[in-house]
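Consider the two complexes below, in which chain A is the common component and chain B and chain C are the respective partners.
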Partner chain A sequence: MISTALDLVLVALLVAAALAAVGARGLFAGVVFFVAYGVFVAIAWLRLDAIDVALAEAAIGAGLTGVLLLGAVGHLTRAGAGAPPRRPAIPLALACAGISVMLGWAFLSLPDAPGLQVPVAAALPGSGSTNPVTSVLLNFRAFDTLLESIVLLAVLVGVWALAPDAAWGGRPGLVQRVRPDGVLAGFGRLLPPLGLLVGVYLVWAGTKQPGGAFQGGTVLAAVWLLAAMAGVTRAPRVTSLVLRIALVAGPVLFLAVGMAGALGGSFLGLRPDWAAALVLTIEVGLTLSIASALALLVLGPPERAA
Partner chain B sequence: MVADILTGVLVLLGVAGFFAGSVGLLRFPDTHSRLHALTKADNLGLGLIALGLAFQAEGVADILKLALIWALAILAAGTAAQLVARSALEDGASGEEDAP
Partner chain C sequence: MIPSATLFGLAGAALVGIGLYGFLAHAHLLRRLLSFNVLGSGVFLMFGAAAWRSPILGADAVPHALIITGIVVKLAGSALAIALLVQLARATRRAALPEDEGRPP
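Now for the complex of A and B:
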């Protein structure tokens, strides 16, 4: 009874936040409502017992995407671009309504079966993880995850391609000016150790419970960004070898494991007796790459001379 | 039984704190007074809710987690409030144009 009421309130808040994000007058207000929408979506996933998805939505959907959008708004404002011209919203609204109806129809016409839960549960022993989500991501459907990690690299290459020639080899992002004894500097020293612990724990726990490279990597990226914004550390130069090794570590490790599997008969296949160690190895490599790629995406291309 | 009543009372008080903070955010005239309403009432509200939930905790670990969440929220809210306040001071903004 109470939980039904809670779900109904949540749905109402979700729809209201979505409408507010689309219909907001200014870009900034739209982004703020988008972040609020992401938080509500994360809570909705939590209510559906999809903790892995909830964590990913909170970290990437609401957190990281929100920060990227806020950065984009900041760039547009500094470049002197005003709000985009308001187009007639009716065709857009019709298109959105059409897609919503189709999705709703697709959902309602789903067969009343447990889907792939039974085969996944049957194949779980020997998959290298006791968390079905991790097993799907890193074993049964490893190809998707491998491509995702490479897409992330491609996006970063695209962002870096926006750097002016003179700035190439410099440190990404703007110079941070922080009062040395200020609140932000203190916060930037206090929180990172704890954030580091949470991020590493999320990755480690991901092999058995909800968590994993994407969720943990996002937390670690946030820790790095906080430290950079608080002036505790500086972003490395884009030509730094260490940085580039960190960026490709995940995809390279993943590919290497995949090729080793190919020698044993199937590309990306994990030997059941080695699977647990291999899954953890890939997760650690992916975490390193995801954390550095996400942080560098937020920092943006180098903007000042090397 | 007593624990349930304590939880109910404390959580309701906490909700009242959040409500007061939200009203202050909407009604106060400028950025600094709005921040004042938001941070004070929200921290108190979250604290009361965490305290209320602590009576439902299974063990000491859960209580410590609740306390940690509260402490981290206070820390983050306090820092963010300082940053927003300084940014508003530098802009000389009256806060009228960024009303929600």
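Now for the complex of A and C:
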């Protein structure tokens, strides 16, 4: 009874925050509501027993997407770019509400069917991890994860391709002017050590408990961004060799392990007796790549040669 | 006593509608992107709630893993969209597509 009440409050907050994010009068207000919305979605994932997803949603959905959107608001304001106001469209609103009702009805009429819990649990010993989500990501459906890590690189190439010719070779993002006694400078020094600890722990814990390369990598990316925004460190040049090695480490390690598996009979297959060590190796490589790729995606293309 | 999965599945359906409305009604490209992100998380929420259809066995890890992959790809896509729309805003001083402003594209 109490849990249903909690769920109902959470659903109401979710829908209200989504309406506010989409319908807010100002752009900035919309982005702020969107960040709050991301936090509510993360709590909803906790209620659905999806702790791995909740961690990813809190770090990426609310955290990095929020930074990305706020940065975009700043760029658009500086460029003086406006847009025509929202069209008042009652037929459109009714049509969208109709789509929601149909989707809800379809969801309610789904048959009660078991998922893949039983096969996953049966294959878990020897998969290299006791966390089923990590096993699915790095072993059972490794192809998805490999392609995803390559998608991140492809998108980064796309973002960097938008850099002006004159700025190529520079550092991504804008120069931050930080008041030395301000809140940002203080937090920029206080939080990174804690964030580093949490990020590395999430990667390490991911083989047994909720966590893993995505969640840990995102926290590490956030630590880097915070330190860069607080002026503690500077983003590396886009031509830096060390940076590029970090970016490709995950996919290269993943592919190498996959090819070794191909020699043993199946591409991306992990030998059960080595699986634990291989999963951890892939996790570490992916963490490096995901952390650097996500941070660079949020910083955007280089803006000036320096 | 309503199962959490039912409530959040229905909430996901509502979020899809809200996001779709924002995507179609706004001309401002950043607001469209934000609305599209709301739509996407509604789809994820429905998918994740559907992972709970068998209450005895508990949550299914396969949809969870796919959703984590989806969340990362969603951020990557948003980053590319923002890089493109910032370039458009610098070149034209507008944050909307020409056809949405009644100008010839």
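Please note the rule applied: the second predicted complex is superposed on the first by the 279 of 306 C-alpha atoms of A that agree within 3 Å, B and C clash if a C-alpha of one lies under 4 Å from a C-alpha of the other, contacts with A are read in each partner's own complex, and residues count from 1 in each chain.
Note that in this section contacts are C-beta pairs under 8 Å (C-beta built on N, C-alpha and C of every residue); 3 or more make two chains touch, one makes a residue touch a chain.
Keep in mind it's a predicted model, so treat the numbers as computed, not measured.
Asks: Can A:I90 be said to touch chain B (first), chain C (second), both, or neither?
Replies: neither
Asks: One more residue to check, A:G80. First (chain B), second (chain C), both or neither?
Replies: second
Asks: Touching A:L263, do we find chain B (first), chain C (second), both, or neither?
Replies: neither
Asks: Should A:P114 be classified as contacting the first partner (chain B), the second (chain C), both, or neither?
Replies: second
Asks: Pick one for A:L152: touches chain B only (first), chain C only (second), both, or neither.
Replies: In the superposition, A:L152 contacts chain C only.
Asks: For A:A21, decide between first (touching chain B), second (touching chain C), both and neither.
Replies: Touch status of A:A21: second partner only.
Asks: In the superposed arrangement, does A:F187 touch chain B (first), chain C (second), both or neither?
Replies: So A:F187 only meets chain B here.
Asks: Applying the document's definition of touching, compare chain B and chain C: which contacts more of chain A?
Replies: C
Asks: For A:G61, select first, second, both or neither according to whether it touches chain B, chain C, the two together, or no partner.
Replies: In the superposed model, A:G61 contacts chain C only, not chain B.
Asks: In the superposed view, which residues of chain A touch chain B and also chain C?
Replies: Residues common to the chain A contacts of chain C and of chain B do not exist here, since the sets are disjoint.
Asks: How about chain A: which of its residues touch chain C in the complex?
Replies: 1, 3-4, 7-8, 11, 14-15, 18-19, 21-23, 27, 30-31, 34, 37-38, 41, 44-45, 47-50, 52-53, 56-57, 60-61, 64-65, 68-69, 71-73, 75-76, 79-87, 89, 92-93, 96-97, 99-101, 103-104, 107-108, 110-118, 120, 132-133, 135-137, 140-141, 144-145, 148, 151-152, 155, 158-159, 162, 212, 214, 290, 293-294, 297-298, 300-301
Asks: With touch defined as at the start, can you tell me which chain B residues reach chain A in the complex?
Replies: Listed in rising order, the residues of chain B that touch chain A are 72, 75-76, 78-79, 82-83, 100.
Asks: Using the touch rule from the top, collect the residues of chain C that touch chain A in their complex.
Replies: Chain C reaches chain A through residues 1-2, 4-22, 24-31, 33-35, 37-38, 41-42, 44-46, 48-54, 57-69, 71-80, 82-87, 89-90, 92-96, 100-101.
Asks: Going by the contact rule set out above, which residues of chain A touch chain B in the complex?
Replies: It is residues 29, 183-184, 186-187, 190-191, 194 of chain A that touch chain B.
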